[in-house]
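In the two assemblies presented below, chain A is common to both, partnered first by chain B and then by chain C.
Up next, the complex of A and B:
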């Protein structure tokens, strides 16, 4: 009853109410879209990290996280780990890698690089490195081929087919090296990766670093990202203390921190925008209440309690905010859908690439992202209605009736 | 003149309504000014920190060096050039360096790093590297084969002060070069990535190691402030024009394009927030002025009937809106300026996970504020502009009213 009353009161002055609703919608739509772009950016950072190197879970020899040396390896091709992974239906794909550091020399230049030995077939199932190939061939067929990041190749001034020399210190500490030909070039969303990574076949990397059949890590991707933690714990239990099983969030906690810091930013944004809105809503309510002094006086005179008057005004505020919220959210969702192919931010490509974000960014809005603005809007609307509501309730009916 | 007084009185006819709108404006102005001061301070610090850790405001190199970074792109400084650099007023400090990629190894562990040969005395006039030593000391001119590395790099190598490291690389003459260096100091930098790959030796040592003679790879030059970068570059261009090596002068923007882009991107995000805030306030002003006009229909009708020109009515309503905004602006500034100045004097130190995100992007975990006069007058202009736009519809409506109809309103 009160709800309908409040609604009808609002539309007594349609233009005024409409302006407030538009203001609320603009505020909501703008804020949601802004946050959508931010969340899109963080999402991309996480996806890039997972899809280029991290995977969902990594298994190493115990103590690797604290001291990631070449010597900390999983012997025997990590057979026990592989067996455990093959048995688990939650695992979508896995691959093994060798990781080391070295110097790569071309006839014209040299650069410090990370040398990663990968399994040709399996790596393609786990990371996007294979899709990131822009020239040449993936590892597999021809021997002694190396894959370089595009920017690394530029730095070294080499092209497909050129010879390069890789110098490393192998597992026993000897300085050694090998000659390779540039078999392919890749371009990933992460400029850091492109600039500093050299890929070799797993077998050839094992020979180069004198590791025998040992590997540095096993990388796992799962079917359902929500199961990562569960899988991690069960694997850790099954494989025992000689290995470490870590999730991507544990390996790169910074990614998680970035999500948290954006959540905090969202708080501040919504609080600021809704406070500004609250003033506007309060103003409109105050005017409306003032105009209806006589009417409210009459209502009180025939028995409407103070509390119901307050409730009525508060409900008006809620209605206005509610309609504005609905329209604003619809606009935000619509815009997100329209922009689903991404906003072209190629002018900022280098800055974004430093954090693994590709230059086409799509805003991302999920159900949980709507919760915060809803709550804050509700609180703001409530607070905005306090003064007008109390003002309305405090009028003495006798005087109110006499109001001009 | 009379119009102004009329407008002013009209504004205060409904004090409560005006007060609420003014309050919204005050709130918006306060937020905008304080946050612009914060963003500006943070960005300037980012630039300062980056610039004073690596390239200086201007990096002087041979042509093609930035793209290729090999020993083939070198500079040679003669006495005249040194003298020019020492005496140019725009130059606050300059540091010659040799940069090359080597394998750094200790026992059985090695890392590929970019080793930098510096002149310790000159280096501290440009970078803060020498002040960031946490263990041991920085390179000293006299002693041979000293090396300073990042703390994280030391951890990876399992090295500490006093240990010997093998440097292994390719000399200018294309021969293999290797030599032993002693770790004399460890550096701690706000940029973790930089710290993991930073190795510093003396300029003379590296020139000898690489058989480079008296050639250098780059010169980092510091200006008085990032705003004076352009002036510094011009001065250097003129001063070093006759140098044989035909040097190229890169600003920090060209050396670190990702830094500049990140700053611009950050600014963009901020402007969007300001736009939303201002729009919401603008609607509030629109509503207030519109209501005021609608309430005074009869009165406006009388004025028009009595001979007041529609243009004058337009102006009066327009002025009301501007005055409303101006009052909010003044109070907003009165609150915002001292606040921003206080934060300028007392930067916020961040802790916990926030600090970690700062360090992730290579910043020290501190929020610095900087208030400039351009911020103040730009914000003022913005608020007044919004008020002007918000006033258009009500003012037009008021001036176009038909006196006969208006007089009939109750």
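Up next, the complex of A and C:
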């Protein structure tokens, strides 16, 4: 009864109600879309990080986290780890890598680089490095070939087929090196990776660093990202203390912090938007209640309790906010769909690439992103209506009936 | 005794002026009465009616309905008493504009928690009784003043209250419409035993009433029975 009564009360003055609905809708649509862009950016950063180097899970030798040195390796080609991964149906793909630092020289320049040895066949299933190849061939096409990021190649002023010399300190601590030809160039969404990474075949990297059959890490991707933590835990338990099994969130806590920061920012944004709206709603309801003083007096006279009068006004606030929320959310969803191919941010491409964000950014809204504004709007609408509701309930019926 | 009021006093103070709206009023109302509180403007009719309807608290004195003293009830219990035992008809109709005539009539029953089917079953005959069976889905603004007041009467009687209090119910109606409304209320009193108490200075109402309580300056100055109280089922005028 009160629901129906409150709903009809809204439409006594359709223009006034429409203004509140539009205000709530614009506020919620703008906030959601703004947060959608932020979430889209963070999602892209996470995806880029996972797909370029991190994977979902990495397995290293114990002590790697505290001191990631070349000597901390998984012996025997990480056979124990590989066997465990092969048995687990949650694992979509895995690859092994060797990781070390070095100096690369061309006839015209030199640069400090991260030298990463990757499995030519498996790396493409785990990361986007293979599909990021923009010139030349992937590893394995010919011996002693190195792949460079485009910007590193520019720094070194080398092109495909040019010779480069790589100097490193091997696992024994001896300075050593080798000559390679530029076999390919890659361009990833991460400018940092492109500027400072040199890829070699796994076997050649093992020889260069004198590691034998040992590897630095095994990188894992899973079918369902929600299972990362469960898989990490079970792998850690199965493989024991000789290894460190860490998820992408543990490897890059800054990314997790950013996700949490955006969630916190969303709370503040919604709180600010709905606090402003609450004053508007309270104002409109006060006017509506004042206009209906005589009617409220009649309702009280015929036996409507104060509690029900309060409930009626609160429900009016909930209705108008609810309609505004529904419209606003529909607009936000529609806009997100229209922008599904991404917003062109190529003008800021260089800056975005530093954070692993591609130049086309798609807003992302998930079901859970709608929960937060719903909760805040509900609280705001309730609080906004309390003042007019109590004002209405305090009316003395006989006096209110005489109100002109 | 349906309603008993003893020693009712009410003083209004404002801008240095003290007005004795009621000054020691005693009044008894029996079941089935069709009575009017009459008197000039400012005589205390509406104040007394509001007090009997548990809308005003007297400065002194007591009111009891069916032996239940209002002073013993808190605000919520008084609201319950008004909801279940009293019916109100106001001078300005005071219908809910966003509800149809039928919904207005059903509203009190909704507040009482009566189920939808029962509400419908009770509202329709009452609308027929007041001659609005075809206008049930019209909203108040689509009805004439007389029709709106008949909806108000239907709303007041539909939940079978012990007493209907009507404050100047004919004041906004022309004499022909007022006459028809009084006929309707007289018939409800005569045939169904609904007890009515009016406040009025309309001669038509006083003519129709079977008892007239005259007020002046907040005091009862006359209390005359012009016709015997009707027994339920007695045709009007018998």
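The working rule: the second predicted complex is superposed on the first by the 404 of 404 C-alpha atoms of A that agree within 3 Å, B and C clash if a C-alpha of one lies under 4 Å from a C-alpha of the other, contacts with A are read in each partner's own complex, and residues count from 1 in each chain.
Keep this in mind: a contact is a pair of C-beta atoms (placed from the backbone, for glycine too) under 8 Å apart; a residue touches a chain by one contact, two chains touch by 3 or more.
Everything quoted here is computed from the prediction, not taken from an experiment.
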| item | value |
| --- | --- |
| Touching partner for A:308 - first (chain B), second (chain C), both, neither | second |
| Partner chain in contact with A:89 - chain B first, chain C second, else both or neither | neither |
| Which of chain B and chain C A:112 touches, first, second, both or neither | first |
| Which of chain B and chain C A:1 touches, first, second, both or neither | second |
| Partner chain(s) touched by A:261 [first = chain B, second = chain C, both, neither] | first |
| Which superposed partner A:67 touches (first chain B, second chain C, both, neither) | first |
| Partner chain(s) touched by A:12 [first = chain B, second = chain C, both, neither] | second |
| Touched partner set for A:240, first chain B, second chain C, both or neither | neither |
| Between chain B and chain C, more extensive residue contact with chain A | B |
| First, second, both or neither for A:401, with chain B first and chain C second | second |
| Footprint overlap on chain A, comparing chain B with chain C | none |
| Contact set on chain C toward chain A in their complex | 50, 53, 55-56, 75-76, 79-84, 86-88, 90, 92, 94, 96-99, 107-108, 110-112, 155 |
| Residues of chain A defined as touching chain C within the complex | 1, 5, 8-9, 11-12, 294-295, 298-308, 396-398, 401 |
| Sites on chain B touched by chain A in the complex | 16-17, 20-21, 23-24, 27-28, 31, 67-70, 72, 100-103, 105, 107-114, 156, 158, 168-170, 193, 197, 257-262, 264-265, 269, 272-273, 275-277, 279-281, 283-284, 286-288, 290-291, 353-354, 356-357, 360 |
| Residues of chain A defined as touching chain B within the complex | 15-16, 19-20, 22-23, 26-27, 30-31, 34, 37-38, 67-71, 101-105, 108-114, 154-155, 157, 167-169, 171-173, 175, 191-192, 253-254, 257-258, 260-261, 264, 269, 272-273, 275-277, 279-280, 282-284, 286-287, 345, 347-354 |
